[in-house]
Amino acid sequence: MNNLAFGQYYHTNSVIHRMDPRTKILSSLLFMIGLFIIPKNNFLFMGIFALFMVITILLTKVPLKKFLKSIKFVTYLLLFSFVFQVLFNSEGELLLTINHNLTLVNVGICLVVLICLFLLRKKIPLFFILFLVVLVLGVKFLEYPVYGNVLLNYDIKVYTGGVITGAFVISRVLILIISSAVLTLTTKPTDLNNGLEALLKPFGKKTSILAMMISIALRFIPTLFLETEKILKAQASRGVDFNEGKLKDKIGQIVSLLVPMFIISFKRAADLADAMEARGYVPGEKRTKLVKMNFTLKDVIYLLSIILIITIVIIYRVI
Amino acid sequence: MGINFYDVDFTYDVKASKTLKNINLKINKENEFITILGHTGSGKSTLVQLMNALNLPNKGVVEVAGIKILPNNKEMLKPVRRHVGLVFQFPEYQLFEETVLKDVMFGPKNFDKNNADVELSAKQALKMVSLDESLYERSPFNLSGGQMRRVAIAGILASNPDILVLDEPTVGLDPKGKTDLMEMLVEIQKETNKSVIIITHDMNVVAKYSKRCIVLDDGKIVYDGGKREMFENSELLKNHNLDLPDISKVANSLKNKGLITFEALPLTKDELFNVITRGDENE
Amino acid sequence: MKIEFRNVTFYYKKSEVVLDNLSFTIEDGTMTAIIGHNGSGKSTIAKLIIGLLEPVSGEIYLNDELLTIDNLDEMRAKMGIIFQNPDNQFVGSTVKDDIAFGLENRLIEREEMIRRIEKYSRLVNMEEYLEKNPENLSGGQKQRVAIAGVLAMESDLIIFDESTSMLDPKGTKEINKTIKSLKNMNNGKTIISITHELEEALYADRILVLNGGKIVLDGSPSDVLPKKDILEASGLKVIDGLSLIEDLKKIDFESKDVILEAIWESIFTM
């Protein structure tokens, strides 16, 4: 159940944890903007960003696993965008040509292998790596016209531009996803609330409500995940099997999950609103703060180093 | 048939310490009225979720109605869940349909799509939990807490399981609601001969209704037997933080004051009543 | 805090009256238990006092002052409530943050906040958990944090609204112990405990039994608890020990009075 709630606050009391939440919010924002203004295919800058991220992650002392968890959800997306670039980008030099001779037999074999893989996907450890190997072998295999008439013959031309851009796109998305976890892993929801509130202050008095909403939402994510799991089990006890059934059954199954979730969440929200009101919370009103935000030397250094990197990128682009 | 555990280990997280250790257990298909005891975190809920394959063992075998549930075996789970019906603590986790009747029909429909008698079995189940017929067409969310719990139990009973398992069915109910629900379960057990397993913290419930007690502590079964032997084993109670029923406490305090004597510890009001009045006859 | 209900009626739908022309006074510095079955309207009383609901008719006086929408916030500063569900009232991301939440709303200075957090977390025996987040706490511990949060406001009135009904026996014991020690401190705080467990009402100064939106019994525990008929008619179950006394009263046996007295005593010391 815990593996669902990725990016939840993880306590280590590192330098990054002790940093001012405002610094962390601002630097996360700047870092992401920076990632997108790196000139295309410039691996030097990408490397600098990656290095910066790695140093930050090491400083947090949070297990690397916590950061990598979120990648799981985008592996196939990344693979797809890479293949897409390789196939359709014809910039640069010709790297290699793959001549495919499709026959009924070799296409058939490939399909059977793919289907077997798909069916066994949950029983194989490190499935993704196996999948990659099979993919490469499959592409090679289709070159040989195994038995029978060649139905289709075509060339796949791979250019350096495609490979480079593909790698560039992948590394950008990877860095983006991994680094986005830094903020929530190292900042308590309450601190995040304080930081956001302080940063949003210039935009109006009521922005503190938004900050409170975000922090409450973060606070309740683990609770809601636990709840979802209980509902799943309760419905499974009534014979719901999420792995089978036609589309029509599937919809019914999802409804049986969503309705209790909504009902429980609304009840929870109403209770929480009562509790907050009873404890004197008035949305948008002035509040004192237990945590004093301390903008110290480490914040200055961290923020300056990001600004420095981005400035160099901008100067490079302008020139 | 029933449920058999053979050397079962279970843990949620491979690296975490085991949640359940070396569980061996035999539960009959008929005529059991078992209470599972133990403080929060002792593994009670985890244990009952192994009984209907919501949790799969890491080691060992759970056998339900002849179906063997092995580690990582994800087939044949549905028939298991039909044999063992598990009612969760809060009805809010499962109620979702527009009407009470439809909600109770949901389970049997899932288990047997071709069954034309779903409505009939739903109505039978609702009758078993003595829910008034006028409520059948109401939204399950417009019921009182006690009624919602009955609908949730009916939702499991409708699939006609051999064994009915309930995770803390009386929590949050008022005292009368508690008694009514327990009496209802006893009634269902007597009428249908189904085995009933209840997780509870309430020693008064145990004293009144239980035929067999299973005590869990730190993932291990530390006691499996009759309630009387359990309540008289003060060492066991002390070691595993178990309480006595209120009446037994009264009895002990009277005994300590030298007002009454007894061989067998009175567990219920009537037993203590007899002890007090019999003491009179003897003299 | 003195609380007075004058002819208070409350309902959501006119056909289902929750509180029916209810009048009672709770004296300053006392502990009152309000008991009744689920749906008897007991929690509504708490929500009316704290101003989360408004009476349909009738008035509520707090310290002889009429509770209105204008003085609600000022009145609320003098009272605190602990609700039923420990999860649904834990606002902060750590114990410390949560105790501070109310103080922050009341514009208490930081140094004072730190002092009170330390003082009241110790009072509920949670001083070692200040940095913990709610996922790592038991239900009983979360409720103790909620109590510390209310105490930290240094309010005159504390309401326990079925605060133990979702806890295991260990948590229930912890909370009851805390309530008892609060009462025994005799610091002039008014305590209202709303519950459906008669056992939890035993140590109150006074018990109000609610049924159908009306008060059906009102008196000290030793007055109220033996009234088996009315309690049962109100959907409450009489404590086993008490109903044993009732049964024994009907017959004669040796040293009857001594034994009845001893049972009565053991109920209160359980």
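Residue numbering begins at 1 within each chain, and the chains themselves are lettered A, B and C in the order written.
Assume a residue touches a chain if its C-beta (ideal position, glycine included) is under 8 Å from a C-beta of that chain, and two chains touch if they have at least 3 such contacts.
Treat the numbers as computed from the prediction; the structure is a model and nothing was measured.
Undergrad: Touch graph of the chains shown: is it line, ring, star, complete or other?
TA: Per interface graph, the chains form a complete graph.
Undergrad: Name whichever of A-B and A-C has more C-beta pairs touching across its two chains.
TA: Pair with more contacting C-beta pairs, A-C versus A-B: A-C.
Undergrad: Give me the ID of the chain with the smallest distance between its Cα centroid and the all-protein Cα centroid.
TA: Chain nearest the overall C-alpha centroid, as shown: B.
Undergrad: Please identify the chain with the largest separation between its CA centroid and the CA centroid of chain C.
TA: Comparing chain centres, A lies farthest from chain C.
Undergrad: Calculate how many whole Å lie between the centre of chain B and the centre of chain C, each centre taken as the average of the chain's C-alpha atoms.
TA: 30
Undergrad: When the centre of a chain is set as the mean of its C-alpha atoms, what distance in Å lies between chain A and chain C?
TA: 46
Undergrad: Taking each chain's centre as the mean of its CA atoms, how far is chain A from chain B in angstrom?
TA: 42
Undergrad: Could you say which residues in chain A touch two or more other chains, in rising order?
TA: Each of 267 in chain A touches at least two other chains.
Undergrad: Mind listing the chain C positions that touch chain A in their complex?
TA: Chain C reaches chain A through residues 47, 50, 52, 73, 76-77, 80-81, 83, 85, 87-94, 96-97, 100-110, 113-114, 117, 131, 133-135, 149-150, 153.
Undergrad: Enumerate the contact residues on chain A facing chain B in the complex.
TA: My answer: residues 1-2, 227, 230-231, 233-241, 255-256, 258-260, 263-264, 267.
Undergrad: Taking the complex as given, what residues does chain C use to touch chain B?
TA: Contact set of chain C toward chain B: 37-39, 138-139, 165-166, 168-171, 196-199, 235-237, 239-241, 243-244, 247-248, 251, 253-255, 258-259, 262-263, 265-267, 269-270.
Undergrad: List the residues on chain B that touch chain C in their complex, please.
TA: Contacts found on chain B: 39-40, 144-146, 171-179, 201-202, 204, 241, 243, 245-247, 249-250, 253-254, 257, 259-260, 268-269, 272-273, 276-277, 279-280, 283.
Undergrad: Per the contact definition, I'd like the list of chain A residues that touch chain C in the complex.
TA: For this pair, the touching residues of chain A are 9, 11, 188-191, 215-216, 218-219, 222-223, 267-268, 271-272, 274-282, 285-292.
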